[in-house]
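First chain written, first letter: the chains are A, B, C and D, and each begins at residue 1.
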Amino acid sequence: MTAQSRKDLVKQGGIWAFIVAELAFFSIAGQFLSVSDSAFMDLDNMLLLLKQSAPIGIIALGMTIIMINGNIDLSVGAIFALAAIVLLDSMTWPFMQALGDWAIPLAWVFALLTGVVLGAINGLIVWKTGVDAFIVTLGSMLGFRGLVFMYNGEQPTSHLNWSLVDFAEAQFLGLHTATWFLLISALALWLLMTRTVHGRNAYAIGNNRDAAVNAGIRVGPHFIWNFMLIGFLAALSAVVFYSESGSVNPNDGMLYELWAITAVVLGGTKLAGGYGSIISTLGGVIAIQLLRKGLGHIGADTQTVNLVIGLILIAVLFLDRQLNRKGKEELKI
Amino acid sequence: QTMTIGITQNNVGVDSYQTTYERAFIAAAEANPNVEAVVLDAGGDVARQIAQMEDLIQQEVDAIIIWPTNGEAVIPAVRKAHDADIPVIVTNSNIAEQGFDFVASFSGPDNITQGARSAEIMCDKFVDMGIQDEARVVQISGQPGYTTAIERQEGFEDRLPEVCPNVTLVETQPGDWNREKSQQVMEAFLVKYDDIDGVYAGDDNMGVGALNAAKAAGREGIIFVGATNFAVGYDAMAAGDYWGSIYQSPVDDAEAALQTAIDTLNGEELPFLNYFDTPKITQDNMEEFTKPVF
Amino acid sequence: MAGLTKQGMVQILARQGILIAFAAFMIGFALVNQRFIAMDNIFGVVRSSAILGVMALGVTFVVIGGNLDLSVGSMMSFSTIVVLDLHDKIGPVMAILAMFALTLALGAFIGFLVGYLKLNSLIVTLGMLSAIHGLTLTWSGGKNMDIADKAGTWFSVFGQGSALGIPVPILIFGLLAAALSLLLSKTPFGRRVYAVGGNGRAATFSGIPRARVVFMTYIVSAFCVATAGLLQASRSLGSQNTVGQGMELEVLAAVILGGASLLGGSGTVFKTVIGVLILGFIQNGLLLVGLDFYVQYMVTWAIIILAVWLDVAAKRGRLWSPIA
Amino acid sequence: MTDPVPVLRLEGIVKTFPGVRALDGVSFTLLPGEVHALMGENGAGKSTLMKVLGGIHAPNEGQIFVSEEPTVMTSPMHAKAKGVVFIHQELSLADELSVAENIFLGELPLHAFGRVDWQKLYADTDAILKALNVGFDARTRVGDLSIANQQMVEIGRALTVDPRAVIFDEPTASLTDSEKVVLFDVIADLQKRGVGVIYISHRMEEIFKITDRISVLRDGQYSGTLHTAQTNEDEVTQLMIGRSLDLSRAENTHQMGEIALEARGLSCGKLFRDISFNVRKGEVLGFYGLVGAGRTEIAETLFGLRTPSSGQILLNGEEVRINSPIDAIRLGISLVPEDRKDQGLVLGMNCRDNMTLPQIGDLTAGPFVNEGAEGAIFDQYRDKLDIRTPGWRQIVGNLSGGNQQKIVIGKWLSMRPQVLIVDEPTRGIDVGSKAEIHNLIRDLAAQGLAVIVISSEMPEVLHVSDRIVAMFSGQIMRDFTAGEVTEDNLIQAISGISAEKVA
C-alpha cells in the first residue's frame, strides 16, 4: 500500500463509516420503535437491501463512469422508462409471442439495445456539438420522456410473463437475481476503470480534458462509448426491475437521475470529474437504501422521511468535507 | 391476540385525501388494542412500493394492505406475499385482474359506479338547462395507470351516452390528481375549444383546478362535476361555481380497509369486493352532507 | 479590424441566436395560426409563464454565481402553503411578510451551506428539495390549504388582478425582471456575481467576499421563489402541497435556454426572460396546432440543444466541436 | 556537405481568430539536430504557430511539410503520429493521475483486452525519471507535485517516443536553475540523436546558451532568422520590437523612508517558520529561493489568505490583523499572484472588468457601477503597460500569456497600494515588457512604494532589488543588503549551505 492508496482509503472510507453508523442506529432504535420482532440487521433483511439497491444502483454505477469522465447524464430516468416499455411491449409483438419463452432473451436484447442507442445519441451530441453534457442530457431527459409518452400516451405499458417473474425473483447462493446483476456489473466496471486503458483515459479526460486532447486521446469516441455504457446500464436496470414487475408507467424513473447522482457523490466521486470509485458508489447506493429502509423500520412518517433524507445528504457532504480538510494551514479560498 | 398489519400507501402528501386516509388509518389502528400497524408510504414510486412489500413480508406481518401505485406492476409482489401466506388486502384502488388470485379482498369505493353517477349528475343538469342535445364535455382524468382513474373514466364514458346520447365528449386529458396540472390542462382546453359546456374531473382537486382556469379566462356557465368531494369542492358548490361530485370519505376508506384486514385475519367470510357507499352530492342536496374534513 | 467582417458577423448573429430563434418561432406559428399572436393569447402565455419566470430570474443569479438551485420548486410549494395557511390566521399582510421571511430564511440556510461551508450546490439543493417538502407536509399536515373566503379577500389581486390593462402577474414579472437586470448588470454586486462564478479563486484573490456573494445569490433566488409563491397562492387561493413539484428542472431549462453557462460566469436576466417566453410560447403554439404535450417535450429538447449549440459555436468560431 | 532535409517546414501560415490576425503568412524551417529558438513579443503568435504545427489549430492558409512531405495536421494525435511532440506553455496534466500515467498519457502500454501493463509502465517511467534526475517516483500523484516538478513531468513526455521534432513552449518559466540544467541536458541529448528542437523562451541567456538559430515573429509576421553564434541580444531585440532596450538599472537616487511592512517571527505550520523581515517605503525587497521554499505562502499570509500560527505583521509600525484579502486591500497591500489563470484572472471576463475588479465597490455612481471611471482606469494602465488587446471588451482568456500577466499587474497597480507584493511578476513575459515591468517596479519604489518581489530568476532579483532575502525550506537563510550580494553567495544561501542564518 502506498501512501497514496492509504490516503484514498481515508478519503473514501467515509461512506462505509456512515453505513456502519446507520446500521447501528437503526438496530438500536428498532428495538424501541419498531413493531416488528425481527432484528434490522438480520441476514435476509440485508440480502433484501442489496436487491432493493439494484435499480438505482446499476444506474449509479454508470453515472460514476460518466462523472469521472467529466460529464453527467440526466436522461437515465427516461432511458430507464423507454427501455422498460420496449422490454414489456416487445413481448406482445406477434412474432415474439410465437417464440414462446425464447421471446424473453430477445426482449432483453431489444431493451438493452434501446438503452445503447439512446446513450449513443447523447454521446454523439455531446461530442459533435461540444455542448455541455448537463445541458444535452437535460434536453434529452425531456426528449426521451416525450418518446416514452409517444409510445402509449399516458397509459402504462404492461405485460406480465410469469416465467420472467420467476427468473427475476429467483435466488442463487442466497442472492437475488437483481443482486447478481448489481454485483456483476460493479465488478466488471471496477475492472474497467482500474485495469484498462479505457478506464484510465476516462479519469484523464475528466481530470483535464485539454491535456487528454493534447496527448492524442480520442475524446469524442471515448465519450460515446461511455454514454452508450450508461445507456446500457440504465436499460439493464429496467430489464432487471421490470422483469419482476411487468408494468411501466410513463412517469417511471423520474428523479432516478438525481438519486443516482446523489449516490455517486456520497461515494466521494467528484462532480467536476477525474476522481471517483465504483466501489464507493456501491457504498453510496447502499447508504441511501439503508436510510429509506431504516426509516420505514422505525416507523417514521412521510414528512419525517423527506426531512431526514434531505438533511442527512447534506450532513454527509459536510462530514466528508471535514474529513478531507488539509488543516489550519490551508489557503482560505 | 395482537395482529400486526402492514400498509404501504400510494403517495401520502400528494393530496389531502391520502393524508387524511393515513391519519385515519393510524387512529383506527391505535384505537384497536389488538392491532399493531406498520405504516409505510411509497411516495408514488413503484420500485419503492415493491421494496416495502418485500420488507413487510420479511418482517412477517400478519396481513398487508396495499394502496397500489400501479395496479399491474405490484402483482408479482402481491403474489410473493400470498406465497408467504400473508393475506393481502387491496385498498382504494384495485389491482389488475391477473392479480386477483393472490388477493384476499378489495376494500374501497366502487369507482365504475362513481363514474356512472358523475355522468348522471352531469346529464341531469344538462337536461335542466335544456342543452342535452348539443352540450360538449371535456374530461380530466386521474393519474394514468391508476385503477381508480381508469375505472372512473370507464364508468363515466359508458354511462354518459346511455343517459345523454347527444352529448359529445370532446377530449380527455389526465390531471394526475393534481390541481395545478389540471388547471394547465383546462387552460389548454379553453384555448382549443370555444364551446365547452361541461367538465368532468376524476376528483374535486382537479375539478377546482379546472374551475380556476375557467374563472381566470372569464368563461362562464360551464358545469363542473367531479368525484371524491374535497372541502374545496364543497365550498365551490356552496358558492354556486361547481355543480356536483361524489361524496367519498377517506376516513371511511381507511377504516374499511383496516376492518377488512381484521376480518380476514379472523377468518370471517367476506365478499371479494368490499365497497363502501359513495353517494351523489350536488348543489341541490349538499345540506344533507357535512363539509369534508380534507 | 480586417478579420472582423465575415467572422464577426456570423458571431454576432449566433450570439443573438436565441433571439433570432425566438422571432422565427413566433413568426412561423403566427403564419400557421392567427390566434397565436392575438393580444389576449400573448397575454395569456406571459401570464401563465410568470410564475416560472419569476423563479427563473432568481436561479439566473445562482447559476451565474457558479451554482445550481434544484430546491426552488419545493420551496415554492412551501411559500404557497405557508401564505395560504397564514392568510386566514393572521391576515393577508402579515401572512405575506411572514411567508417572505420564512422563505428567505430557507434561502439563507442554503446560501450558508453553499456559500460559507462550500458544500456542493447540486447535492445541497437536492437534499433541500426533499427536506423542504417534508417541512411543507409538516406545516400543512399534508392537507390542501385553502383560503376560506375566496370571494372576499383582496389577496387575489396579485394573481388575478390587473392594472393599467395589464394582468398583475405580468406586471410583477416585468418589474422584477427590470430591477434584477439592473442589479446584475449595473451594480458592483452583479459584477461580483459574474467574477465569483467565472473564477472563484481569482475573485477571492481580488478581495471579493466570495462566500457572501454566493450567499446573496441564494437570497435573491429565495426572494424570487417567495414572489412566485405569492403569485401562485393568489392565483388559485388554495393549493396542494406539491404545486411546485418538478418546476426546478423547467426553471433550469429556461435559464439555460437563455444562454447562462452552468459553469458560471455568464448569462443575463434579459436572456433568461427570453428563455422563459420561448418555453411558454412553444407550449402554447403546439397546443394551438393541436399537438400533444409530449411533442412539446421533444421540441423543447431540440430547441435547447440548438440554442446552446449556436451559442458555443459562436464562442469558438466554428460549428462543430474541435474535439477529435 | 549537402543541406540536410528539414524535419519540419511551414510555409505561408495564416491563422485568424475573431478580431485577431494571429499569424500572417509565417514561414519557418526546422533542421534535424538543431535547437531553433522562436522569439517574439507577447502575442506575436509563437504559441499559435506551434499549435498549428501540433494539430490543435487548423491554419486558414499555408502548408506544413514533415520531412518535405506536405502534411495536414488534423489533430494532436496526428501530429504525434508524425513524430512531433509538444510540451505546452500551460501545464497540460491530469493531476489526479500518477506521474507514469501522465507521461504516457494517450499511449499506455497494453496487455490483451485493453488492460494496462502497469509493470512496464512504471519501469519505463522510472527510467525516464532517472534521466530527468528528479526526486519523485512513477506512482506519485501529479497533483501532489510542485509546479516545477509538474513541469518536469511534462518534459518527461518528450522522452517517451522517438520524436522527429520536439517543441518546448516556455518550459523554464517555472523551473529553477538546477532543473534547467537537467532540461538542457535533455535537449542536448535530443539534439545528438538528430531530433529537431523548437525552443520558445523570453530568456535571452538561455537562448544564447543552447540554441543554434533564432527565428523571430513580430505581430504575427515572420521577421527574420539569425544564427545564434553570429548575433547578440541587441540584434535579436531589434528584430523583435524594432528598437534596442536600455537594460541598465537606474541607480537609487531617492531616499528610502520609514519601514512600511514588517514581519516578526511569522510562522505558518510546516509551510514556513520564524520569518522576520522588513521593507521600507521606496525599497524593493527581493525574495529568492528554490521553488517550494515557501515564498508564495508568505505572500499569501501577508495578503490574508492564510492564518499564521504565530508571529506579528506590522504596517507602518503598528501591528495589524489581516484575515482576508479584503483586510489586506483596505490596508493598502496588493498582491500580484503567482498563477495568473487560476488566481489572477476571471478568464471569461473582459479586460476592463478584470482590471477594475478589486475596486469595483468604489467605482460607483449611486448604486451603479461608474463605467466611465472604469474605462479611464483601463485606458490608463493599458497605455502604461502597453497591453496589446483589440479593445477593453476582449475576453481576457483570448489574450496571449504575457498580456494576461500585464492585466493582472495593471489590476493591482491601479489600486495604488502602499505595499506591492509581486510573485513571479515576469513569468512568461517578453524581454521588452520585462524591462518595462522592471523599470516600473523601480519607478514605483522611487515614488515611495514598498515593493516585495518574489522571483525564481536570479538575474531578475539581482536586477530589481535593493535588498534580497534568501529562503530555504521555509526559513530565511540570509538577508543581503545591497552591495554584499553576489550570485555565489545567493546560491549558497538558497541551497541551505550558508551558515550565517539571520535570526
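Note that in this section a residue touches a chain if its C-beta (ideal position, glycine included) is under 8 Å from a C-beta of that chain, and two chains touch if they have at least 3 such contacts.
Source: prediction; values computed, not measured.
Trainee: With centres defined by CA atoms only, which chain is the most remote from chain A?
Mentor: D
Trainee: Between chain A and chain D, what's the gap in Å when you average each chain's C-alpha atoms?
Mentor: The answer is 44 Å.
Trainee: Counting only Cα atoms for the centres, state how far chain B is from chain C in Å.
Mentor: Centre-to-centre distance between chain B and chain C: 34 Å.
Trainee: Whole-Å distance, chain A centre to chain C centre, using C-alpha means?
Mentor: Centre separation, chain A to chain C: 29 Å.
Trainee: Suppose each chain is reduced to the average of its Cα coordinates; what separation in Å results between chain B and chain D?
Mentor: Centre separation, chain B to chain D: 72 Å.
Trainee: Specify, in ascending order, the residues of chain C that touch 2 or more different other chains.
Mentor: Those would be 133, 137, 142, 201, 204, 324.
Trainee: Two or more other chains touching the same residue: where does that happen in chain A?
Mentor: As it turns out, chain A has residues touching two or more other chains at 153, 213, 218, 302-303, 305, 332-333.
Trainee: Give the residues of chain D that touch two or more other chains, as numbers and ranges in rising order.
Mentor: Each of 75-77, 305, 324 in chain D touches at least two other chains.
Trainee: Pull out all the chain pairs that touch, please.
Mentor: Every pair of chains meeting the touch criterion: A-B, A-C, A-D, B-C, C-D.
Trainee: Using the touch definition from the top, list the residues of chain B that touch chain C in their complex.
Mentor: Its residues touching chain C are 12-16, 18-20, 22-23, 178-180, 183-184, 187-188, 191-192, 205, 208-209, 212, 216-217, 230-232, 235, 239, 294.
Trainee: If we count contacts the way the header does, which residues on chain A are in touch with chain D in the complex?
Mentor: So the residues of chain A touching chain D come out as 2, 4, 195-198, 200-201, 203-204, 207-208, 210-218, 274-275, 327-333.
Trainee: Which residues, counting only chain C, touch chain D once they are in their complex?
Mentor: Chain C residues touching chain D: 1-4, 7-8, 11, 182, 186-188, 191-192, 194-195, 198-199, 201-209, 265-266, 317, 324.
Trainee: What part of chain B is in contact with chain A in the complex they form?
Mentor: Residues in contact with chain A: 4, 12-13, 22, 36-41, 43, 46-48, 50-52, 54-55, 58-61, 69-77, 79-80, 96, 98, 144-145, 174.
Trainee: Would you pull the chain C residues touching chain A in the complex into a rising list?
Mentor: 70, 113, 117-120, 122-124, 126-135, 137-138, 142, 200-201, 204, 246, 249, 252-253, 256, 261-263, 292-298, 300-302, 304-305, 308-309, 312-313, 316, 320-324
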